[in-house]
Each structure stands twice: as structure tokens, then as C-alpha cells.
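Here the chain labels run A, B and C in written order, and each chain numbers its own residues starting at 1.
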Amino acid sequence: MSHQEFASDAAVPPSRWWWLFVAILAAGIALTPSYTDAALQLDVSVIFVFALLALSMGFLWGYAGILSFGQTIFFGLGGYGYAVLAMNAGTTLWPLVAAVVLPMLFSAVLGYFIIYGRISDIYLSVITLVVTLIFEKSIRSTSGPDYVIGSVRLNGQNGIPGIPALQLPWDAAAPLSFDGVFYLAGAAALLAYVGLRLLLLTPFGRILVGIRESEKRMELLGFDARAYKLGAFVLAAGIAALSGALYAIWGNFVSPEMFGLNQAAQVVIWVIVGGRSTLIGPIVATGLVQYLSGWLGTVGVGQVTLVLGAVLLVFVLVFPKGLLPTLGGLRWPRRRSRERRRG
Amino acid sequence: MGLSNTIYLAAYAIALLVLISLGLAVIFGMMKVINLAHGEFMMLGAYACVLCVDAGVPLWLSVLLAALALGLFGIVVERLIIRFLYGRIVDTLLATWGLSLLLVGGVTTLLGPQGRSVTTDFGNVSIGGINVSSYNLMLIAVAAAAMLVTWLLAQFTRFGLLVRGTMQDPVIAGALGVDRSIIYMATFGYGSALAGLAGAVLVPITGASPTMGLFFVSKAFITVIVGGHFPLMGTLAASSLFGAIDGVVSYRWSSVLGEVSVLVVAVVLLRLLPLGITGRLRRGL
Amino acid sequence: MNPGPNIIETRGLEKRFGGVRAVAAVDFALAPGELRCLIGPNGAGKSTFFKLLTGQLRPTAGQIFLDGQDIVGAEPHVVGRKGVGIKNQVPVVMNGLTVRENLWLAARSRLRGRALEDAVDAIAARLGLEAILPRLVGELAHGQRQWVEIAMVVVCRPRIVLLDEPAAGMSDEETDRTAELIRELNRDATIVVVEHDMQFIRQIARTVTVFHQGRILIEDTYRNVVDNPVVRDVYLGRGVAA
């Protein structure tokens, strides 16, 4: 009867082992650039960026219970937002902030109509997919000199190249280096992970999980479920937008693929493989999936879509709870009973 | 724009929506499943039609063969995938999405990303003072025929009775001895056949390409959701509404803006009628 | 606006599902501090009536007054905020969370900080739930889940408590405990209880309202209702026009 795929002990403060784990990760991020080559750093940096995106989805779906196919909308808006603003303004710091805030505003409007419109869960998912398709189509069709924002051409299919690197606020002449991008992405991902984990301890987080479990009961108790869900939707959009902006900073390039179905599928796959019951699961899955797809080598776009679809199908049919929770299934009951005694 | 022209454009837009949505609506009405691979079923129907035409089969027969082929394909999909996910609506959504990607990727890999097309010798006709493509008139006729055939099958055949009964109350139907599994399989197959039909009929107009499904699928989803759980009435009602809106906006501005306006209207409508237009009706089809 | 003294009042309340009128032309009045029992055969409309009162369902016609204010169309959380608590026939609780977390969330709707934690501990002690606090609600037996829901409803001391079959599936000893709890709650709250168990009702009832086919058949004291032959016919299924 209970929802085994979600964590039931999220409201329990994390153990000291978890804090140790976080400290080790932080140390790892700080020390890695000194010991690895640029190529590996570049690969890991983008994994951090994608981990951020995966976290946004893992949070929204796993903890708020909202299945949105539209996280890539905000990912794309974050990337394009940074590109357009930074290239127009000549500076990069406030464009980075705006690239996060503006998509959040849009998500608030979109979320308001969907969530306060009391649109059912399935319809919500389908509508977010429709909005994704509309965005992808729109951006792809912006070729030609008419589609300009300020002095920046949107370029349709080709995307926007030559995006400036982030300038350090204390040394405007020095753009962020490879190492810098690595630190930034790593720090962002780690902070988001810790932040979201701790958010679940706050009343907002606990109420959100309560709504996921039984929206009706929470409403009968007097909580306006719509407000909390909208809050989660906007927060997730902000994290996705940050991921998009960091992606633009990482690659100095944005393209309509950021809005595309393949990207949307990847996000869903990261969370399905990693499992919705933890926040760390999707992060690990992101690393795994990215590593494996790098291993597959450069293949045509068609093959990528094919593999993504196959993976999705297989996982839904065979590992609906996610790969990691299924594999860790032997350990979970023991851990939970320990926490039960404590809780 | 003259009156005849407006009527023609409206009829065409509505018929197009009916054509691409009916299959999805039949499946949704029966199983409460939104088949996210619906666009790809249309795409496969289009390719099947092209392959037949290239082999020398006349167009009308190619279209029927494509529908038949997709009907069989739909049955296979239902048996291999959907059947294991009865009642798990979210998982069905994800699985059909995976299938959608698989099909797009598969066709792109096997047949290349370039589109294929067929040449037709349908000319233009003059009706009511306007010059229209006779193929477009064909399309309107096919859409109407699809609705009619579906209605006839549902109302006047024994199988249709079983389908309607299962749709209205699956538990009672099961208690009365109806094998729901067979009904679902057949319904999914029929809905897939309609999708294949739509794709095939569209080939002379849009050609066949691996990503063509994505072009139509947004509007089909919205039409079905807003239409509600009665496939025929819902599709007709929603198609009329959105056909008119999309037709006008796309004509005046752009296709993307047409989709956006359809989406906006849909969200507003769902606020007022959360179960769609036919959601509150008790009896109907 | 209803200027009367009733805490809940409905006028001409109706709810249709398709062609069925689950609740029809119900004029119901509840005075503050009352302890009312609703009885009636299955399908008489009692649970539907409750759901109308909490805003879970929207009436097809009629008005519902809470403290003199028409609440038809109000969102369920607004009605909840106004101090209406409901224990449903089938427990509506957070199955994937622990009992403690369920109680915490229920108490959080009104309380904060130390008072919140204390209220959770207090209600758990009062209703004997301490042993199951760390258990997942979804894994509990039906009876235990009912108690959890009752605890959640009661922890915040709502002004109006609606209890849909609180004694269902309970042992005699538990039934007595429930009756005592209800009498205790009645000191501070207005209570409406839907029940089938006539022994239970005898322990708590003052006024009894009898539902039949969506309408109110009779409203009278327990004794009069029980002695009424029409009521007996209704329960025994001998066709009675409502």
C-alpha cells in the first residue's frame, strides 16, 4: 500500500555519515582539477551541469510528485537567456542572474495556469510536453536576420556560438578558466543537492511531500496545495534554468537541441534510472548515462533517439522503481528499520 | 476572404484535426491512455503508404493497406507493452513516449532523415466560386468517412456493443463475461489503424518524414484532452473549436502561433470543464 | 446571508451524479455545540452530504452556510481553514509517510514550534498511538489507519468535526473508547457522526437525522427515531417513499 518508490524518511535529518559524504564530495571537487587533464575535467563539468538539471526533475517529480516533461524548457531558456543577455550587455554577471530569474517568472505564469487551473496530473504532463514541442519548433524556426534580440541573432537550427565566458566579478579582465568552470558547476550541483536535501526538513518541504502523498487530505487540513505545488514548480524551473546558463558558460554555445525531445528524454531517463526515492540517485544516474553515451561514441542523431527510446521502454517495463533502488533493494529495508527506531 | 473560402478553410482545418485525433481519442476513451507514440503511428502509416505507392499500388489501396498495417502494429504494441501496464497510467505515458522516441530514431536510422513523397495527379476543382485542391476535398471526405465508419461499427455491430459497454463500465462488463483484454487489444488496434490512415492520407500533402509525427501530435493531444472521454462527440466538438481557432490564427499569422492559441484556449477550457467537453455527459459515443 | 444562530445550515442542497440524485432538497441545520448523528441505509447520501459540507464536492443546487456564510464553491482548503475537520469512511491519509509525520502535518495546519511538537505527542498519547508512531501508515491495519485519521482530525481542535463511520470495524472496547472520545470532543466542538452501529449511537446521540434516498426522512431524538416504524421499514428495505 505504501509508495515504496518514494522515500518515507525524508523528514529525518541526514546522518553524520551523509555530511561526511558531502564533505568528501566537496573535497573531491576542490582537488580534482589539480590531478586530472582538461579533457576529463570538461566531461565531468558537463556532468555537473546535467546533474543540476537531473536534480530539478528529481525534486519536482520525486518529492513534489509532479511529472513535467518541460524541465528542458527552462534549461533552454536559461541557456539562451544567458547567451542573449551576455552578448548584448557585454558583461556576464547580471545576465547569469537574469538567466535564472526570467525563466522562473515564465514558469510561475505557466505553472499558475496549469496548477491553479486544477488540471489533472496526466493532462499536466501532456501539456508540458506540448509546450516543449512548441518551444522546440519555435526556436528552430528562428533562422534568418529577422529573429534578433538586441544585437544577437537567434539563428534557428544553428544555435548561438561564441558565448562569452563568465567574467569574475573581482577581475573583469579574466574570464572563467576551465578550472573555474569545473569549480562553478561542481559547487552549483553540490549546493543544489545539499540545499534540496535540507529543504525537505523544512515545513515547506514536509508539506510538499505530504501533498504528494495525499493532496486531498492536505487540503482538508487547510493547506492550499496549489500554492505549494507552484512553489516547487518555480524552484525546479530555477534550478533547470541555472543548469542551462551554466551549460552555455561551459560550452560557449547554445542550440535548439536544449529544448529538444532528446534532451527532455534524457532528463526523464536520468530520474527513472536513478530512482525517484532519493536525490542522489538521479545524480549518479546522470554520470552513468553520460559516461555510457560517451562510450557509445559519436553516432547519428537518429541512433541517439533510438537508444533513448529503448532505454525508457526497458526501464518502465523492467525497472519501474529505477535501477539504483532496485539494486540497492537488499540494503534498503535494513536502513529504513534503523531509521524507524530513531524516528 | 469570401464566405465560400472561409467555409472551405474551416471545414478543412476541422477535418484535418478530426483525422489526426480520432485514433487517439478512441484509445483514450476506452483505456484512458494517451498514446504518446500516436504521431509516430501516423508517421509509420505515411511510410507504409509511400512504400506501397512506390511498388505500384494505387493510392487509395495504399492508404487502406497502411491503415491495416498499423492496425496490426497497434495490436502487437498492445500485447507487448501496453498490456503489462494496465492501470499504471503514468508508466503507460512514459512507455509510449519511449516507443515514440524508439520509432523516430529507428526510422531515421533505417530510412534516413530525409522525407519521402509521392506525386499525385489530383488537380484543382472549382466549387462555389473558389478554386480548391480536390485532394483536400478528399481529405475532408476521408475524415467524415472515418467518423461514420467508427459510429457504424460502434452502434450496429456486436463488437461495438461490447466496446461501448466496456467503455462505460469496465467492471460490470468484466462481470458480464467480457474479456476486457481482447477489447483493449482490438480498440488499440483500431485506434492505431486510424492513426495510420491519417498519416497515409496526409502523404500527398506533407510527404513522409521521420519527425512528421511531432508536427501534428501537439494538436491531437490537446483535441483529445479537451474533447473528453467520448471519442466521436468529443473529437468532433474539440476539432470544430480548435480547427476554427488554429485555422484562423495560422492563416493570419503563423503555424506556431496557431498552436500556442490552441494551447491557451485549451488550458482555459479545462479550467471550466476539467473532464473535457464531453466529460459531464452520461450517454454518448 | 443567514443571520441565524446555526453553525451549519443547508438549504435545498442537491447533488446529482449523472441521473442519480445522491442528495436531494436537503434542509439541514446544526446548532453550535450539538452532537448529531446521521443514520440511514447504504447509499442514502450521508457520505456525499459530508463531502458537500467540506467542499470536496460541489453541489448541483442549494446553499451551504457555515457561520452564516455561503461556502458553496469555496476551495476545500478554505473550508478546512474555517475549522471543519472530517474523518472519511475510507481513511484519506498519507500512506507513504510515518504516523508521526502524518500527525505533524495535521498539527502544522494550525500550530508551530514547541506547541506543534507537544500537540503531536499529546494526541498520540491520548489515542494510544505511541507504539506505531514510526510506522508507515500504509502498512497499518485498517482500524489503526482509522485511528490515525481521527488523531489527525482532532489534533488541531477543529470547531466542527465530521466523523464518517468512526466505529467501523472496531472491537467493543475500542467502540466505547471512541464514544468517550466523541463526548469529550463535544465539549469544545460541534460534531456530526455518520454511523450504522445503533448501540454506538445510543451511547452518544441526542438528535438523530435519518437519511433516505438522498433526503432527510426524519429528525428526532434517538428514542423516537428507533421506535419509528417508518425508519424500521427503510432499514429493512421495505419500499418507503422518501
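We adopt the following convention: contacts are C-beta pairs under 8 Å (C-beta built on N, C-alpha and C of every residue); 3 or more make two chains touch, one makes a residue touch a chain.
Small disclaimer: the values here were computed from a predicted structure and weren't measured.
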Farthest chain from chain B, going by mean C-alpha coordinates, please.
C
Please find the two chains that have the most C-beta pairs touching each other.
A-B
As a quick test, compute the distance in whole Å between the mean CA positions of chain A and chain C.
43
What whole-Å value do you get for the distance between chain A and chain B if each is reduced to the mean of its CA atoms?
33
Averaging C-alpha coordinates per chain, one finds the centres of chain B and chain C separated by a number of Å equal to 47
For chain A, jot down the residues that touch at least 2 other chains.
none
Going by the contact rule already set, what residues in chain C reach two or more other chains?
none
In the complex, go through chain C and note every residue touching chain A.
54, 56, 75-77, 80-81, 85-86, 92-98, 100-102, 104-106, 108-110, 133-139, 152, 156
Can you list the residues on chain A that touch chain B in the complex?
67, 69, 113-114, 117-123, 125-127, 129-131, 133-134, 137-138, 141, 261-262, 265, 268, 272, 300-317, 320
Show me the residue ranges of chain A that touch chain C in the complex, using the header's touch definition.
1-4, 6, 8-9, 11, 203, 206-207, 209-210, 213-214, 216-225, 340-343
Under the stated contact criterion, what part of chain B meets chain A in this complex?
34, 36, 81, 84-85, 88-91, 93-95, 97-109, 113, 210, 214, 217-218, 221-222, 225, 256, 259-260, 263, 266-268, 270-271, 274
